[in-house]
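Next come two complexes built around chain A: one with chain B, the other with chain C.
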Partner chain A sequence: MNTVGIPRSLFYYYYKDIWTDFFDSLKIKYIISPVTNKEIMDKGLKVSNSEMCLSLKNYLGHVDYLKDKCDYILVPRISNFKNNNQTCTNFWVVYDIVKNLFDVNLLHYNIDLEKGQTLKKGLYKIGKTLNKKHSQIKKAYKYAITREKKRLKKNHQISQNKLKVKKTKILIVGHPYNIYDELIGKDIIKYLIKNKIEIIYSDKFNPKITNHLSKEISKDLYFKYSKDNLGAIAYCQDHINGIIFISSFPCAPDSLANELAMRKINIPYLNLVIDDNSSFTGLETRLESFLDMLGGKLND
Partner chain B sequence: MKDCYLGVDIGSISTKGVIIDDNNNIITKAYIWTEGNPTNAVKKLLELLKKDLPQNCQIKGIGTTGSARKLIGLMLKASVVKNEITAHAIGTLTFYPNIRTILEIGGQDSKIILIKNGIITNYAMNTLCAAGTGSFLSSQAKRLGIDVEEFGDYALKSKNPVKIAARCTVFAESDLVHKAQVGYPKEDIIAGLCKSVVLNYLNNVGKGKKISSPIIFQGGVSKNKGVVKYFKEILGADIIVDENSHLMGAIGIAVLAKKNKTGHTYSLEMKDLKFQTKAFECHRCPNTCELLKIYRNNELVDSWGSKCGKY
Partner chain C sequence: MTKIAFPQMGDYYIPATYLLSHIYPNDQVIKAPKITSKTIELGTKYSPEFVCTPFKYTLGTMIECLEKGAQILIQMGGGCRYGYYAELQEQTLKDLGYNCKVINLVTEGETNIKRINKLLKQINPKYSKLKTIYYGFITMKMIKYMDTIDNYIRENIGFEQIEGSFESLKEEMLIEFSHIKNYHHLYKTYQKYLKKFHKLKTHKPDNRLKIGIIGELYTIMEPFSNYYLEKSLAKHHIEIKRFTNVHYLLIEKPKEYKKYKKYAKEYFHYCLGADASDNIARCKYLCENDYDGIIHIKSSFCTPEIGAMPIISKIANQYQKPILFFSFDSATSKTGIETRLEAFYDMLEMRKEK
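Then we have the complex of A and B:
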């Protein structure tokens, strides 16, 4: 029986539900690497090259954790979503990097809509590699996709409802693999929750809506995930008290998106760049003063 | 007895303390180097403050701010522990209620605070890079063999400041060495350095921010006349520098302590206090948190740094 390993980083945060639903339906065993801890991160730092971004280093740490615990590791290549919707170059090359660094079997598919390589084709390919019948795969794909559509709708609805809440609301903008990662963004989120802030996440909106809205901030954006992020800002701007932009060092698309956002919006804005030796003390100073500012309670 | 309030601002380079009364008048003030040991610096600071404190004063509140605020807060049993941005804003607004922009360059960090109608509307702090802060200036002063206090006077003498790369300290430093070796006069190099600090600040911290008058300039570097001159020149606006500009954080936190009175009277007797910290690494899980345990007179008062909350 084949076991598939899923690194809990990068793509995982975009595709986790589709993948797990798909594998569940096909009765394929899979393991997911644990939430990032120091050991995983250190491993990632060790095997990686100095120019990679923190998130990619982290990803390699997760792959390293899985390398002798499963038969295949799932590493797709996500390249573009058509109509000037590129992904970050790291998403293009991570398959090659993993292949070069580790001696493991990789489960692989491409998403390149300009060449007609869709998610559907990708998942079919994976099903076939794991010796499943066409009819089974078809069923599993349908199951995963319908559930994903429902989830997307539900998340969008929840976010919309959050915008109406009468608490101090902060939009967290960033890539999900940074925001939700235990070592990269979790401390920031925890701090905000402790201070009773209503948190709205930029990735919990329907990208079909937000992607388009990013034009309000800039018409020349190139990266899909930047468009989604800035679109979420445009969508929420009038209903929230502040924005916190979290990125990992040195993220190239974010450096652009961040500068744009900083100049184009009129509400309080905080940019936090996380690198591998950030201690929380520096972040805390910035977060604390940011919350002071939002509360306007200078004179208590 | 007169009620008064102590504010302590413990920065990376210098430690500042003020004692104010109910009308925000400064009774005593002190300014010393931190020298990498915040607890010792604060002990010294308290001795200095106590010397000038009239007999009829009693401390009714203590506030701490600056990067060592938590540690010193524990040591002094402070009633308020607040970040330096809020403290600076409050301190400044106490004396200049109409201020719109606060520029601040300290030892390790630099920030800009925008204020409208007495409320902070936006701020920024330097991120990963400490270029153009006070510690950069002091290390360059050492390289040029002059006191950092004389920097401003030298810079004012110059008619032709040399151009120094303003983006990054590493480049600025190699530029500086190069210019010195080629034979530029000292004052021109120093003036160039001051100008590069201003450009660096406006590029890194002030980017995308609308700087409107009245503008006040604070932090240790505001004592440098050269930097003030180039801020005026480049922004094309008047810059206010208060004589207590380096104490604004401490004043702000003292004002906050005044507003958060507990009724308790504090003692400034810290000379014999045993205040220790012990660092160790926890190996209970793969996170290997670096923990810091803090003892006050051999009694464990707090521990920091654990991710799971076990300590």
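Then we have the complex of A and C:
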């Protein structure tokens, strides 16, 4: 029986439900690395290159944790989604870095819509590598995709409803692998919840609407995930009180796209860049003063 | 009359000025001032904190060009976030109060003829397509000849007998290149100088050191941004091999990439973005041939190269080749680089003597 290891970082936050549903349906055993802790992060810092972005270091830490606990590690590569929808080059290199740094079996697929490499082809390939029948894979893929579609619809609806709430609303702009990561963004979210802020996440909107809207802020942008973020800003600009940008140091697309957004929007914002030395105390002070400022504005 | 300017890179401002002044004979092309520490200071001041260094360099040059009266700025793009520079730079310059337009010729590392035509029309609607194709052809050839001669210089400049002979001849050649009349004239001039270069006396010992330079394209090609690395290597009497030049990027890259992929297939499976995969293959090439050392240079925060670095250092480890990594920033000190270079050079000498 083969066990597949899934590192809880980067791609996980985009594809976790599809993967788990797909593997569940095929009755493949899988383990997911635990939420990021100090140990995993330290391992990542050790194996990685000092200039890599924090999220990539974190990912390598998760791979390092999984390396002797499973038969395969799932490391996809995502290059583009056609029509000027590139991803960060770190998403292109992860597979090759992992392959060169670790001596493990890798399950991999490539999403490169310009060359016709789709998620469907990728998952079929994985199913075949794990010796499953074509009919089984077909069923599992269908199951995973329909469930994902429903979930996305629900998420989009939730975000829409949140915009109507009469509380202080803050849009969190960042990549899901940073926002939801236990060590990178979770503390910020927890702090905001504690202060009774309504949090809206930039990645939980319908990309069909937001990607188009992102043109209002940036015409030439060709990074898919930054388009999601900037589009969300354009979409809810009039309904929110403030924006918090969360990015990991030194994120390549964010360094340009977020800077451009900050120059163009006219609502209060806070830019938080997290690196491996950031302490939450420092962040807390900044968050506190930001919330104070928002409160002051509301009382006017 | 519009005033056009572009951030310069190495000596390539000569073909670029040549091309633009022939496409737009009625407009004025402003030569960007040479990059100095003041340029970098200006650029760094108005750039985002962790953007890669070429952004800061080009932004600084753009501000200096605008001070000289430029109205339209031309920016090239690349396969990484370089293609996205233009929009943010335009916004930054507008926020600073300059009235200008930034035109980005290449995005996502792809050259689209239709798009370029549209952009060229924006500069001056009355430009002639036929002329553009003709002078574009001459410019491409000029770049090719310049690169061929540069390659020859790099191999020999460390061993020149009369100090400065190569550099002065090159300057002479560049001046003549900027006054070319037609293709035939260009070819004649090139042949003349090729002969002259071959006639320059050199003294090449058999046990000379050979070093290959790989890395990110802007830092490699703009000598100020790598603190004149090639010059200091030449002073140590080292033969230099460098792969990246503009001709490679514009013409050879798609073909060479396939070769590189086949050659280094055990190290990378997918394209790593920008020049990263090329550099991995080049590293293997340098290791397998009789080069004594490798120097990898990049600007800090260059994402594709950072991704390639663990693989490059793994290759160098396997072949037991010395490799030196440089990451240049606007705050890098020249002394620090020289100390590291000297240590590297001493180490190579000692290895050679063994």
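Remarks
One rule holds in what follows: the second predicted complex is superposed on the first by the 296 of 300 C-alpha atoms of A that agree within 3 Å, B and C clash if a C-alpha of one lies under 4 Å from a C-alpha of the other, contacts with A are read in each partner's own complex, and residues count from 1 in each chain.
The definition used in the following text is that a contact is a pair of C-beta atoms (placed from the backbone, for glycine too) under 8 Å apart; a residue touches a chain by one contact, two chains touch by 3 or more.
Please read all numbers here as calculations on a predicted model, not as lab measurements.
In the superposed model, A:100 makes contact with chain C only, not with chain B. Residue contacts after overlaying the shared chain place A:273 against chain B and chain C alike. By the document's definition of touching, neither partner reaches A:29: not chain B, not chain C. Legend: residue contacts after superposition of the two complexes on their common chain; A:293 is shown touching chain B, with no touch to chain C. Within the superposed three-chain arrangement, the count of touched residues of chain A is higher for C, of the candidates chain B and chain C.
Judged by the touch definition given at the top, the superposed model places A:285 against chain B, while chain C stays out of reach. Of the two partner chains placed by the overlay, only chain C lies in contact with A:256; chain B stays clear of it.
In the superposition on chain A, A:150 makes contact with neither chain B nor chain C.
The interface of chain A with chain B overlaps its interface with chain C at residues 249, 259, 263, 273. Interface of chain C with chain A (complex): residues 48-52, 55, 80-81, 83-88, 91-92, 95, 104, 107-108, 267-274, 276, 300-301, 303-304, 306-311, 314, 327. Those residues of chain A that touch chain B in the complex are listed here as 37-40, 249, 259, 262-263, 268-269, 271, 273, 275, 281, 284-286, 288-290, 292-293, 296, 298-300.
Residues 48-49, 51-53, 77, 79, 84, 86, 88-90, 92-93, 95-97, 99-101, 110, 218-223, 249-253, 255-257, 259-260, 263-264, 273 of chain A are the ones that touch chain C when the two sit in their complex.
By the touch criterion stated above, chain B contacts chain A in their complex at residues 67, 82-86, 89-90, 93, 118-123, 125, 127-128, 207-208, 259, 285-289.
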